[in-house]
Amino acid sequence: MAGPLITLTTDFGRVDGFVGAMTGAIATIAPDSTVIDITHDIPPQDIATGAYLFNTTQRYFPAGTIHVIVVDPGVGTHRRPIALQTESATFICPDNGVLSYMFADAGLRVERDPFVMGQVGVPTGWNAFHLKDPSYWLHPLSTTFHGRDLFAPVAGHFAAGVPLAAMGTSVVELTAFALPLPREVPGMAIGQVMHIDRFGNLITNLRQAHLPAGQLTVEVAGHTIHGITAAYQDSVYLLALIGSSGTIEIAYPNANAAKTLGVAKGAEVRVYSAR
Amino acid sequence: MAGPLITLTTDFGRVDGFVGAMTGAIATIAPDSTVIDITHDIPPQDIATGAYLFNTTQRYFPAGTIHVIVVDPGVGTHRRPIALQTESATFICPDNGVLSYMFADAGLRVERDPFVMGQVGVPTGWNAFHLKDPSYWLHPLSTTFHGRDLFAPVAGHFAAGVPLAAMGTSVVELTAFALPLPREVPGMAIGQVMHIDRFGNLITNLRQAHLPAGQLTVEVAGHTIHGITAAYQDSVYLLALIGSSGTIEIAYPNANAAKTLGVAKGAEVRVYSAR
Amino acid sequence: MAGPLITLTTDFGRVDGFVGAMTGAIATIAPDSTVIDITHDIPPQDIATGAYLFNTTQRYFPAGTIHVIVVDPGVGTHRRPIALQTESATFICPDNGVLSYMFADAGLRVERDPFVMGQVGVPTGWNAFHLKDPSYWLHPLSTTFHGRDLFAPVAGHFAAGVPLAAMGTSVVELTAFALPLPREVPGMAIGQVMHIDRFGNLITNLRQAHLPAGQLTVEVAGHTIHGITAAYQDSVYLLALIGSSGTIEIAYPNANAAKTLGVAKGAEVRVYSAR
């Protein structure tokens, strides 16, 4: 993995040549960089899922990584292409909320109903830019594929040494959506299914800190699970454990919990103490 | 992306180990090269789609890139394995038409009914070779997987410095199929859907230059679209715009146009002037 | 492909960020290494398919490659994380049989009913270790994703120069399952479908050495194929040939044999001599 690391997270799939074209554009501008695919299978135009999956993954990359995230239903309209430099990494993406979970982990939250858009202020020590200078883009600039024509080239130029400030103008606010937050009532935490992974596991937004004390019971879609187990094979039936993102996860050993239960993203999950 | 760049375009999918074996074969011979996947999800044995998608992507790679394209229903028969060096890149593939769109962009066209095979002459400045020397292949050579046993090793040896002329004999003609070309009648251009992308967008072969002057109307599968818009979000309903390959594209914002309209590849698209 | 080569074979799919997180963890620890994906589409928890596909592919990588294989239904339980160094490569994986085909090729076989688990002895010249030292893992160690938290970091540290012996304790036996072996009766070899590839080809466990002499007939699912052909296009109907792994393979030219015949993995295949 020679030179600067550039990750790609998109909804472009791998069937077409979209990802290849982005990688080629980067290779042309920054031949010493290394491109790593995070995922290209974000559901089409699903900014919320892209934001969620990107954030669970980006924290495992080394400091200084350049992350390009393109889930961009507004491509070709007035939405701003942005670059954000933090103390740990650089993020290049449309300004459409796709960094919302990363922002929230840094304490930057929008206070609205879940998934409603708002603005967060860029904190001291971070630098954000509206990417405005077309001299760092491919031309003719398409109106439908800024991943190839704008975001990949800007990432390439940055990897090759061009400062972000040369490619855009400073901005002080960025777009984010409000996160769906767990509710806590006495003896109970109420969250939701944030993501269903490849195995059909139901990943929730309920962290250890949200949970009541005592012997716990988990409810989802009319099913009741007694106790939190440690590993997938600690039960032969439906189970709940703390998953790899640190939140309550509901799984069915050697089977697909989402299909078995008929549960979709957004479903409510309750954890309460039997006491 | 240290050393020579080698791209792979195949119909091997990613479920089996086919792509891994090709990459391993290259790594063994040319450890300093970098392998980039364009796509491995060309529909099985679909040379025409492979030729189309490869050509939309390959132009974004830097000069000197080595492209390996393996959509190869004739593997193990008399079809020739070839290598072609142009002023911009090297192409290693079966001689079965998979470079036809790349040839056409260079002015090399077969004049026949669409998709019927013919020959094009290798122009001055390009060098083409029939890869004949088995000392640059893996052995035992399978009859079913020349991607791993022949094309990848030849790409590796070329990346490692072996001239193409050492690995084969010069040829003066290469196989291509005739492209489906738009027809123009007074006030109207008639093309077809060349590709349906991951988003369900219908990508046609109608370029700006084919279109009549004036206010345009687009017809596909009994649906009529008034006007050409600039971006996907410029309509809440079916729209037409100039896509990222420079041709008319029909899309349904935040939905799948192909599924919504029930349109398949090859469908006729008409663009006419209301004047 | 600068520095040490690390391959990844998993059942994590590419839709979530699992593979990205593993790659990021490696990049953080071993920035000079190169990560290559063999496949991430092993069916969930299917150790036998993972073992089979990994082994058909790993032999094409250069000596010294570090292979990480994570099909790990027992994650978080007592199953041992192991590392094995042979004369040709290093293997890092759960001790759950996922190396069984690689072992068998080295003469290490379990004598039991097919797919039943047993132990094989680590031969002289190989070194195997139970990975026990948590100082080489990510923390907090999840109970559900040791691919990211244990196997990838250990591979990274090994690529960066830490000896395996520093990361675990020596073991003398490793887990393997018994392979389904062909039976030979006079004039006939009876094997089974080991894998159905992307094209729907039926790949069996019948090698040339198993086959009777003379003009051969192949039977599968009530269908009879006369003769072994050389290439996919040597027939317009169902055919049998020696595939790229050196075993009898049944294919349907330009179609999907598995779907056409309704054959699944495990189906019996008979080859007999007409004499």
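In this document, chain identifiers A, B and C correspond to the written order of the chains, with residue numbering beginning at 1 in each.
We take it that contacts are C-beta pairs under 8 Å (C-beta built on N, C-alpha and C of every residue); 3 or more make two chains touch, one makes a residue touch a chain.
Because the structure is a prediction, the values reported are computed rather than measured.
J.: Hey, how would you classify the chain contact layout here, line, ring, star, complete or other?
T.: If you draw each chain as a dot and join those that touch, every dot ends up joined to every other.
J.: Determine how many degrees of rotation, between 0 and 180 and to the nearest 5, align the Cα atoms of chain B with the equivalent atoms in chain C.
T.: Best-fit rotation on C-alpha atoms: 120 degrees.
J.: I want to confirm something about chain A and chain B. Since they are copies of the same sequence, is their interface symmetric in residue numbering (over half shared, so same) or not (under half, so different)?
T.: Here the answer is different, because the shared fraction of interface numbers falls below one half.
J.: Averaging only over C-alpha atoms, locate the centres of chain A and chain B and give their separation in whole Å.
T.: Computed from C-alpha means, the inter-chain centre distance equals 32 Å.
J.: Check each residue of chain C and list the ones that touch at least two other chains.
T.: 2, 14, in rising order.
J.: Where on chain A is chain B touching in the complex?
T.: 2-3, 12-25, 27-28, 31-35, 44-45, 73-77, 138, 140, 142-145, 148-149
J.: Sort out for me which residues of chain A touch chain C in the complex.
T.: 1-2, 5, 7, 9, 14, 36-41, 53-54, 56-58, 60-62, 65, 195, 197-199, 230-234, 241-244, 246, 249, 253-254, 256
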